[in-house]
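First up is the structure itself, then whatever we jot down about it.
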Amino acid sequence: MSLSIQTPAAAAPATPPRRRAHPKTLRFLRRLCKERPLGALGAMICLVLLLTGLFADVIAPEGFNAINPIERLKAPSAEHWLGTDQLGRDVFARIVHGAQLSVIVAFAATTLSIVISALLGILSGYFGGRLDMIIQRLVDGWMCFPDLILLIVAVAVLGPGTWQVILILGLLFGISGSRIIRGAVLSAKQNVYVHAAQSMGASSPRILLKHILPNVMAPLIVLYTTRLAAVILAESGLSFLGLGIPPPEPSWGGMLSLDGRSYMFQAPWLAIAPGIALTVAVFGINMFGDALRDLLDPRMRGGGGRYLARVKRTIGS
Amino acid sequence: MGFYVLRRLLALIPTLFIASVIAFTVVRLVPGDVLDLMLSENVYSSGAPEDRAQLEQALGLDKPLYQQYLHWAGDALQGDLGESLWRNTPVTGEIAARLDVTLELGILALLIALAIGLPIGIFAAVRQETLGDHIGRTFSILALAMPNFWLGTLVVILPALWWGWSPPNELVPFFENPLENLKTFLLPSLILGTSLSAVIMRMTRTMMLEVLRQDYIRTAWAKGLRERRVVLMHAVKNAMIPVITLVGILVPILFGGTVIIEQIFRLPGLGQLLLEAVSTRDYPVITGVFLVTGVVVMLVNLLVDLCYGYLDPKVRYDR
Amino acid sequence: MTHTDSHTDVTAPLLQVSGLKVHFPLRPGLFGKPAAMVKAVDGVDFTVHRGETLGLVGESGCGKSTTGLAVLRMTPLTEGRIVFDGEDISHPDAATTKRLRRKMQMVYQDPFGALNPRMRVLDIIGEPLRVHRLTRTRAEYRERVMDLLDRVGLKAEMADRYPHEFSGGQRQRIGIARALAADPSLIICDEPVSALDVSIQAQVINLLEDLQRDLGLTYLFVAHDLAVVRHLCHRIVVMYLGRVVEVADRERLYQAPRHPYTQALLGAIPIADPDPEVQARFNPSVDGEVPSPIDPPPGCPFHPRCPHATDLCRREAPRPIDVEDGHSVACHLHDPSRAAEMNHSEPSYQEQARNIA
Amino acid sequence: MSTETSTATATAAPRTEPAATLLRVENLHTVFEKDDGVVHAVNDVSFDVRRGEVLAIVGESGSGKSITAMSLLRLIPSPPGQIIGGRVLFDGQDLLDLPDDAIRQLRGRDISMIFQEPMTSLNPSLRIGRQLAEPLRVHGSVPKDKVRERCIELLRQVRIGDPEKRLDAYPHELSGGMRQRVMIAMGLACLPRLIIADEPTTALDVTVQAQILELLRDITRSSQSSMMLITHDLGVVARYADRINVMYAGRIVERGTAHDIFHRPRHPYTVGLMESMPRLNDALGNRLTPIPGSPPDLSDPPSGCPFHPRCRFAQPRCKQERPPLERLDEEHWKACWVNLDDTH
Amino acid sequence: AEEATPQLGGTVNISTMYRTLDATTWDLQNWTWKGNHDNLQLESLLRGDLQYGPRGKNENSFVEQAYIPYNQLEGSLAESWEVKEDPMRVIFHLRKGVQWQEVPGVMKKRELVANDVITSFQSRGESPRAIPTFWDFIERWEAPDDHTVIAYFNQFHGNWPYRIAWGYYDGISPPEWQNLSEEKRADWRNAAGTGPYRIEKIETGRQQVYAKNDDYWDSVTLNGKEYPLPLNDKVVYHIIKDEASAVAALSSGRIDIMEAIRWQLVDQLKKTAPELQFRKNLSTNGTYIALRTDQKPFNDVRVRRALNIAVDQKAILSSLLNGEGELLNYPFAQRWTEFYTPLDQLSPEARELFEYDPEKAKKLLAEAGYPKGFSFDLQVCSCSPYHMDVAPMLQAYYQQVGVKVNIKTMEYGAFRSNMRGKTQAGGYLMNNGSGNPIQVLRKSFRTDQTWNASWYSNEEFDRKIDAAIKEPDTEKRNAMLKELNDFIIEEAVPHVWLPTEMGYSAWWPWVKNYYGEQRIGAVKPNAIYSRIWIDQKMKESMGKAR
């Protein structure tokens, strides 16, 4: 090679040293704890929820449907931490297994919705043109209708049931979420390196996979977490209207709105326990989602823009 | 501006068309045929096919779906949404009688949501990562996490248990006695508004953070403005644009919320009409409610777009 | 296929652009009819010879990048003809496009945006190899990339790093290496050094020069820094508001700019020497703002800012006139057939040219 | 970074002509806390601005020019930024010690700032007139009924045609050059004693840039105020600055009159800058002489002289010890262990 | 009799047993039963005599849906009636001086005449939505004079009083109304009748307001003094979808009477509002799983028996229902003392069905060829809390005998329209109103009836029920019906019988001259409501007047 430059790269120390002190995830966790303590709390809650869901059978081995009419409607005690319900089932066990169901429903429905969102969003945003026009008009038409109203009708079509609820919530949130993904794709498309890839003749699948998708990951993750919470809430709303997951499966929404309200006076714990579980879970997921958004969104980096500039002095005063 | 509105209205036509097709067909896909239901209401019927056919014809459900749609769409364009299958009353009238309740509930809830969400959101952004911020956000997310129906039930049942109080029987029209009317609507709209406020608060906070980071805010500080003025004069207006968009998005959610809140607070709104119509498979009513909510949502979004013009001078109407 | 024998003819220009127009619809209207058009490029002709660097200068927004993109066939033409290596590529079919994507490459202005932050340098530089399946084995691929890294003065061990670990100048080198990967004959450089500091800029300019010398590359070099252009380009096209106003080789353009706009540009370049007598040459002779390409003024696009503008200029757009061999100007001042209609006796360009020299 | 050495430079600060000094910055140190370390954006910087002069700060991108300027008015975004040391004496008052309200009153009235990006530095949703009037109103510099009049006058001063109409325009309706002129008008509104112009023309074309800078210089000259001109364009500096501070990696490495810097640069970095610049009067066909390497990472700056990894004159000592900013003659200062003569 | 002097006027706020439902229609030509409860302006020819209820002889609680013993009927629009043979006919002597309410735009006030009654029946029978065969036993109507109406039968029908004189479809509407267009008939503003109330305002989803009819013919004697009816000015039905809200409204005194309260809520209500008066009634429904007798595995009666035996009904009653219910209330209701066969009088085979014996159940299943059990779907309506609760219990019981139950919850519309639909599952957990002896046997067990959710079909049964209906002799007919009921329980076993729930109604003590009656036969509660007066002072003194 006959390059006559004095190998500027030889000035190695000047190039930013590679920081591999911590793996990315660990660094991220540290930031989460330091910068978003509430988000860390949310992450903890999510983790507990997830573990509870995974190990429900270990935590509450008697199962959610151990009917024992003699022990019915017992107030919380050492034996039944959260009391028993009208069929004598242990409320704690039902909450734990309810977590499992919530986790399944929430993750399945959200995953489905995200897949739909990503598919529609990417198709619409990346290819644009007439396809985009058509998809967007359809999404427009769809989005005119209040979610819950569509849900009511949709459940009426498919009938209540775990898979139906998953399918419906997934579809419903998927379509509206596609807007967000489309927006992200549109802005990712603006990246010069996408242009570069196009100009060197890269195929669309390659560009989508290598250049666009990674950019859409952050909004996808954020969408995912917020949708998780929304799905759990939506299921409880459906349960309230009698369209949720059928018994004896212990969905929190169902426990809260059916058993809880039926025996509101006789056994308030029937409503309080799932109510708190539901609220805490949704709260935690939301908090975590918020923190994720803040941390994943590059524009959010570096704190706020408060030009208050109170001088904090460590030296010189 | 007039031309712009007209153009936007014209642009709504395809959306409206798609929405109406969805509203019309989805509803009719619901299993649990209205005919079976009607026949089953009657303990004397024998379910003979002739009887069924006769009823089907009487209800006008025997034609192919597209013909039914065309017929319905033709009438709908003239403001006639058909008649309830059960009651034979005009759907338009049924909806008109209920719309005001839902609208009032929705508008109040939205106002409350804005009244709560905006200040807290602005505050939380300006004092990012302070105690106030944490409390504000915790509150808002808690409000979001609490199921509406649960809060509503507590609010209805506890005062009754403790003080023997419950929401009044009479629903006084607003223009007759605004105070009494507001008394009835206050609690439900407060509950609905609180959960919405969380969304607004978060959006406001995010947008404010974004705006506060903008160069022109730095300019404002550099001019020697007070914090109040920087925030209120320079930041808020710019942060409002996406928040307004959010309001457009919230309207459907609001409608969903009213379904539940109306039930708990005995408010005869569209949500109740819809629930009842769904459970009795009263297709024209379901379609009508669907369509009306859809149109309201579309109009609100149009309104939102028009608001941009005020907030964002870059949006010009005259081109 | 319109392959002519000319592609073997090394004296024939590599690229010929004639009558190029690129208009963008501004906000599509309700029924698909655009409400207005941005006339980003509105009639541009030039040729690029093999092995030379053609500079494309002009104010921001005058259509330089769009011209580059049109040549690269990344934006549809509204009108005009582009001939590359003897082949008309105005409306290429899929196969031609595929071939073009190898033969022409682009280097971008923004060294931070042009590299996918989530890909390793190895994969960034190797992407054209992958796309065009130019290497067969992994080892060969890696070797090729190492070669390229070496060629642009980066070290082999950097291949496994991510872009954020590099400085702006190094990133620009990565971008150049990527452009070289598919062995192109034309590289379109869209302001490759504008975002860099003078200290880094010089590194990249030297690199580009070296590469041209070693590999016989042809550059279409888009820039607005006239000092850089003068250093690097053999011939220069000056654009204003979507049109070419002057084309000349660099000696002539800097010695004796003919178009009032070129003169103004040269006069407004701040001179890095505080001496009063040097500063006296500084002569920003025009006032006013660049008009918008949505609503360009009638006649000569420069007339609202031109100190010599006449009624004719306001009325009629000038055609390019060859004032010397290889030096053409689109200005009524230099059109002998229009001299009568121009009531200015003496154009001041000579005087200014002297100042600058 | 070590701050002990800062005392040395502080004592070396010029004590001459105190009356002529409008602003004195001593050992300013501003950092940004990031998740992977602390960025010393401004590291122990001292300089002064005299009445009526144009002081330039040059240096490559990221060398801390803007942060220095913003630190003066305490406009550092916080978090993550923080001024952790130094004094900023304006008329003898330490701006860093002033209560919030006092510094607020100073901003825009005594010291005004014109920012880098004309496109984004104006509030897009407020009319020009409103924004222009704001400093006048908050500082009460002009009676209320005269505000509009003064705004028109200001716009006229920056040569915006049809100023009455423009007052009602929104920023997006103006071109970049006009916006920048509005920014300048805003900066001039209260007749400040110090104008800090932070790369006022980087986003503009040379033709427009020339218009604006000429204007700015004329105005400051006629109003006898001082200007801090921040840029990395040496051409601009050569034309407009009286004295120049050269910054590298958050520090001032050389200071002198324009003539000193351009004709007798004494710091290798300054020399490198001069050499790497293509000039219109270079002989054609010459190669440029770039500074090798790339700028340092401010969160992990090199030991000793921050420039030593790229310096062709570097000696072993440069690696270990950081050179203080030393006076060469009356106005010429440099921070380098190596003695370069005119011919280097 | 011990009541204080009635205070006339005032409003009665009621949450009826249909509190969640709006009137389905105001047009009785549509033949929906739900309209009736709401049509306080309508009356029929006969009605139950309240004196047999709790305010008098206390022989009838007057909560039944469609059953009034013949001897407890009294005249309403007809002052008296005679049943004559050869030809078989019923002669109604109409009351004189009964006035139609004036309805602007529809009719002027005028006296009710015999032809009005006839046209009312005829136009209803000609409606496109009429129920085929319902009035087939009537050959013709005749009006010899203005105050006599004769119904000629072509054949005796055991349920004739219900079908023409006091049932769901017998409200007499004026010809002026009948002649209106369908759309106008649907409008409540046009509703016309002779009843004690006229419709003042309908707000669907919220309330129905009925105002006093000043020209009403009936009166009541209290403390020896005669008062024209109604005693109150207004009756307001409150439509309350949410149970919690309804209970809140009751305990705050915004509602005076709540006709349907689940037993679960009663304890708390007694605590919150100790002054409330309660009345407990066995529900008028039977609860059961209809098993599809037309399909495997339930086409084998042994399987159906096994499924009965496998459930511990007594345990369900004592635990889930907290003892608030009764075993065996269907097909015949326990209240029909002259028809009902108590459990202990049934055959041992029948009694066995109510004894929990999982071993026996397994044996039976094995005999029927299902030693390893089987699985079936159980459709449940999400609208019933009891069913939603009992379903998991049933699932648990059946699991013990090796039968797997998949619970399929459905929303009301889907559930109802599924009954005898293509997708009806093997098990269909339902409530069914018992109606009256003839009706319940026919609708639930006769071949091809809509409400025959177990698809039971037995030619002999069909023949016998038809014969029973036509049997003019009351004694004989009753015996035949009783036999059919026992046959269904003992031998047919198309259902898994489940305990029937108790229900409560409650009212505040200021609601006077009210004894918790809910309906006089097929709804038509106007006779009950019009006799209520509100003790305003008492209400005030209790702090509930607003």
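By letter and in written order, the chains are A, B, C, D and E; residue numbering begins at 1 in each of them.
In this text, contacts are C-beta pairs under 8 Å (C-beta built on N, C-alpha and C of every residue); 3 or more make two chains touch, one makes a residue touch a chain.
Bear in mind that the values here come from a model prediction, so they are computed numbers and not experimental data.
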item	value
Between B-E and A-C, the pair joined by more C-beta contacts	B-E
Identity of the chain that, by mean CA position, is farthest from subunit C	E
Far-end chain from subunit D, centres as C-alpha averages	E
Intercentroid distance (Cα basis), subunit E paired with subunit C, Å	89
Rounded Å distance between subunit B and subunit D, as computed from the means of their C-alpha atoms	53
Whole-Å separation of chain centres (CA-atom averages), subunit A against subunit E	49
Per-residue overlap in subunit D, given as positions that touch at least 2 other chains	75, 77, 79, 287, 290, 292, 294-295
Multi-partner residues of subunit B (at least 2 other chains)	30-32, 129, 153, 157, 213-214, 218, 221, 275, 278
Subunit C: positions in contact with at least two other chains	166-167, 169-170, 203, 206
Subunit C to subunit D touching residues, read off their complex	59-60, 166-170, 197-203, 205-206, 209, 224, 226-228, 230-231, 250-251, 254, 264-266, 268-275, 279, 282, 284, 286-287, 289-290, 356-357
Sites on subunit C touched by subunit A in the complex	72, 74, 97-98, 100-102, 104-106, 108, 110, 113-116, 118-119, 127-128, 131-132, 150-151, 153-155, 158, 161, 165-167, 169-170, 175, 178, 182, 203, 206-207, 210, 214
Contacting residues of subunit B [partner subunit A, same complex]	14-15, 17-19, 21-23, 26-27, 29-32, 125-126, 128-129, 134, 137-138, 141-142, 144-150, 153, 157, 202, 206, 209-214, 217-218, 221, 227, 230, 252-257, 259-260, 271, 274-275, 278, 286, 289-290, 293-295, 297-298
Residues of subunit E defined as touching subunit A within the complex	243-244, 262, 264-265, 267-269, 315-316, 318-320, 380, 382-383, 385, 388-389, 391-393, 395-396, 407-414
Contact footprint of subunit B on subunit E as seen in their complex	13, 22, 24-27, 30-34, 128-129, 131-134, 182-183, 185-187, 203-207, 236, 238-242, 244-245, 247-249, 251-255, 268, 272-273, 410-421, 423, 433, 435, 439, 443, 448-451, 543-544, 546
